[in-house]
Amino acid sequence: MFSWIKNKWNSFMNNEELKRKIYVIIFEADTPLGKAFDVALIVCIVLSVLIVIMESVISHKLVGLSMRIVEWVFTVFFTLEYLMRLYCAKNPRKYVFSFFGIIDLLATLPAYLGIFFAGAQSLMVIRVFRIIRIFRIFKLFSFLKEGQLLLRALYDSGRKIVVFFLFVLVLVISIGTVMYLVEGDVEGSSFNNIPNSIYWAIVTMTTVGYGDITPVTPLGRFLCACVMLLGYTILAVPTGIVSASMIKTGGKKDEKPCPHCKRVGNEPDAVYCKYCGKFLEEIEY
Amino acid sequence: MFSWIKNKWNSFMNNEELKRKIYVIIFEADTPLGKAFDVALIVCIVLSVLIVIMESVISHKLVGLSMRIVEWVFTVFFTLEYLMRLYCAKNPRKYVFSFFGIIDLLATLPAYLGIFFAGAQSLMVIRVFRIIRIFRIFKLFSFLKEGQLLLRALYDSGRKIVVFFLFVLVLVISIGTVMYLVEGDVEGSSFNNIPNSIYWAIVTMTTVGYGDITPVTPLGRFLCACVMLLGYTILAVPTGIVSASMIKTGGKKDEKPCPHCKRVGNEPDAVYCKYCGKFLEEIEY
Amino acid sequence: MFSWIKNKWNSFMNNEELKRKIYVIIFEADTPLGKAFDVALIVCIVLSVLIVIMESVISHKLVGLSMRIVEWVFTVFFTLEYLMRLYCAKNPRKYVFSFFGIIDLLATLPAYLGIFFAGAQSLMVIRVFRIIRIFRIFKLFSFLKEGQLLLRALYDSGRKIVVFFLFVLVLVISIGTVMYLVEGDVEGSSFNNIPNSIYWAIVTMTTVGYGDITPVTPLGRFLCACVMLLGYTILAVPTGIVSASMIKTGGKKDEKPCPHCKRVGNEPDAVYCKYCGKFLEEIEY
Amino acid sequence: MFSWIKNKWNSFMNNEELKRKIYVIIFEADTPLGKAFDVALIVCIVLSVLIVIMESVISHKLVGLSMRIVEWVFTVFFTLEYLMRLYCAKNPRKYVFSFFGIIDLLATLPAYLGIFFAGAQSLMVIRVFRIIRIFRIFKLFSFLKEGQLLLRALYDSGRKIVVFFLFVLVLVISIGTVMYLVEGDVEGSSFNNIPNSIYWAIVTMTTVGYGDITPVTPLGRFLCACVMLLGYTILAVPTGIVSASMIKTGGKKDEKPCPHCKRVGNEPDAVYCKYCGKFLEEIEY
């Protein structure tokens, strides 16, 4: 009987026809069934996340228990779906280490961890990342293209932003220490150690300003005013970086290669290629 | 006698001459009477909104009662005006479902709802939207053009902003849950459930920073600092989007098509068309 | 003896030579004496403003009295200086109604008003506006040019900003009223009337976020989160307006007219005029 | 024996071979030994800063004592390193007054000052500035280039920002005084003197909004709303300045002079010089 199971398993694992059928349903959204599956998946994800969020609010025992049960139904469904994806993926290894592969795994793990560690099941909200699939269902590839433009603009500015943050880090450590020296000795001061002062410096320079830690001495308030005006000015730097990058990226997105010399870089309104001088094809809008 | 009323009503409803006269007064602002009507309307709107606002402050009985009476005078006036507009509109159906048609209806409804539901009359402040008509009275069409440019810049960036907000939503749900796990167990913590933690995440990432919910544990403060620096960086993204869009829109607004080849795209100061080389007509400033 | 005084006065008032000498000293900064006068004036202004500020802190009687005396010395000095300016100005009427003429008058008035109304002398800090004269002393006309560029950028965006603020006003009145309806009934709520709720809406949408008024109900917090995200987005609008305007203004400032056709508009790096095709003179940097 | 020491000292001080060897190790990062030294240095700096920060948190006596000892080990190491740098520098005078020379000195001084003045050793966090050397170790010159671009953009906007801050200073002093007059008389008000009111004005206009000082009277709240909307608008100014400058600088950074006519200004993707029409050399990416 064991060999019979083994045979069945082998024929199941090598059933390329079945794999292809399931692949079309769960990986694509072109067929009615594939689209229905994706819509159902999004609904499950949203419901599941809402339940995790609501569970932290409700203290009623019976409601809590029924929520737990629904949660486990979703978890089992997501686990089966994950195994299905592994089964029918053209390259299972590649899927496992892809962005969505990791998210799909992380979406099920916390529920199982929650058996051993109390609280871990709250991490199930990570499922919310799976919602990004929504773009595929509605064929909103152009939306994703916008997202890619945003990411490209951020990536292009990446090095500038790294340098900027290193500078900010050096600055908040220095400012935090100075404020600790100035305000630390005041009775009942919240600047009671350097980490708290650094936290205050970050709260102030990002203009968040909770007000849980505020200076009370005249000198402290004067320094604080300087820090705020400094934060005001350097707030402009990341905005400037991203704006400049976005204007540049935005300016580039209409470019397409010349049909003759294949070089990219002509402005969107050019009639003749500026590299080879030949007539560019009419651009349809 | 009923048929006499019916006859009068019919002749009134079909009196095109009267309709045209009223139309000129309440829909246009070119005649002295039309202008006077519009100015009176704006004054009524401002007074009416001010009374609704003041009513929430004053607890004196007699003053409150007299305010109520004035409110009802305005409401009756606005209702009559709405019926008048319906009567004389060239296409009543189109007016009812236009932006101003809906606002005009919403401006009168809350008063009548207030008879049945206490508090509903405060919604009368929606009348403030009718103030947008001010642009028509003073013939400030160019102001409206500026507004349209703003709206166009926002609309052009619409898809980018939708993607951005979906990303922010996914982010604040994840951050809120992590903070709930980190800070939720502290005695008397305000991170007592996930919705509150998400609210905190939004308060922090938008740099509003009320300070009604703040982390107190060292780990919580460290995570909070990371969230603030993240919010600082991504604050730059919508600004960059709108700036880039506004620079693009601003650059385009002076362009007009070449009178010879009908192509759009010459810079505002060009004398010869850059596509066909012919002389562009003199542009008057 | 009265006629003797009258004669002296007339000859003094018509002494054009004396007027010219005083004019060079107090209105110009080219001669050593004129420069010394202006430096002394700035020092007096700074000291005088510092004394007004410090007076609000110090409660010691003797120190307060001596400060009052110093204040009056400065006030008498500024009053005499104002009369001098009136005396020697080429066109006294024009001076009185100029920006600096009004500031110079406002700088002395509060001290005299302070005799009758307690507290009015604090308004003497308006003298701080006279400090703008500092640019003239150090011949920092280029700094003023930068300031004019800033003002021009703000002025160019003026109409867009007016439309934007009208929109914000309509928005905060509506949002404030909705929050008053949602949160107003809660025991001890700070949303106790519509003006307070509008104040809260402005505090939130500008991302200032004092935290003196915060929502406590779940619905209130949800609406608050929406308002914050809205504020986050529309914060980008004025920044975009000013950025776009500044880039435009900045781009224009390097342009100078063609020496042949006198038309302005060639790009800073052009060699041949794009309007008449003639050779542009070498531009020195 | 004294002359023997003197001889040894002189030969040590003039041992150019040794100087060159040490120079390669501590000033450069091309050899394995030089790189190892720099990595060790960064590790020491980070550890040393972390210890200073942690020392302000920990109150345990024994741990505090051992931290002190480690601190002194680092201080002695940094002092020796500073002397070494002085010894082997090609131009010691130039090193002492260079940016890193001053930072290296300031990194050791506070420890010695801490013997005489309690608290001074907290200033050792200034060592964090030495971390900027990290760019050299990893040969991240391009990162430094990005940093220089940031600094150039800030420097180019320097004058505009100076004018802007003078304007902000005049504004906050005036606003602070007006709020002191309006809110100062209220029982238990935090607007109890002008410096506090100015501090509040800065907290508000930078949109930090701690909430430690907030208006309570209706007039105060109305003025506060105006100040916030004003701050909202002028927040756009520095952002606009830096954005405009960064777009300009960013546009310029890819330009290099034409090899034929030596003029700068061709766009990065040009093949033929736009000034002399000759073929530009191939640009390697």
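We just call them A, B, C and D in the order they show up, numbering each chain from 1.
By our rule, a residue touches a chain if its C-beta (ideal position, glycine included) is under 8 Å from a C-beta of that chain, and two chains touch if they have at least 3 such contacts.
Not measured: the values here are computed from a predicted model.
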item	value
Cα-superposition angle relating the copies chain D and chain C, to nearest 5°	90
Chain B against chain A, contact positions shared by both copies (same if over half, else different)	different
Greatest separation from chain D - chain, by CA centre	B
Centre-to-centre distance between chain C and chain B (centres being mean Cα positions), rounded to whole Å	31
Interchain centroid distance [CA atoms averaged], chain B/chain D, Å	44
Residues of chain B whose C-beta touches two or more other chains	195, 198, 207-211, 235, 239, 241, 243, 247
In the complex, chain B residues that touch chain A	159-160, 162-164, 166-167, 169-170, 173-174, 177, 180-181, 184, 193-195, 198, 204, 207-211, 214, 218, 221-222, 224-225, 228-229, 231-233, 235-237, 239-241, 243-244, 247-248, 265, 275
Complex contacts: residues of chain A adjacent to chain C	207-211, 239, 243
Contact set on chain B toward chain C in their complex	49, 52-53, 56-57, 119, 122-123, 125-126, 128-129, 131-132, 142-144, 146-147, 149-150, 153-154, 161, 165, 168, 195-196, 198-199, 202-203, 206-212, 235, 238-239, 241-243, 245-247, 250, 269, 271
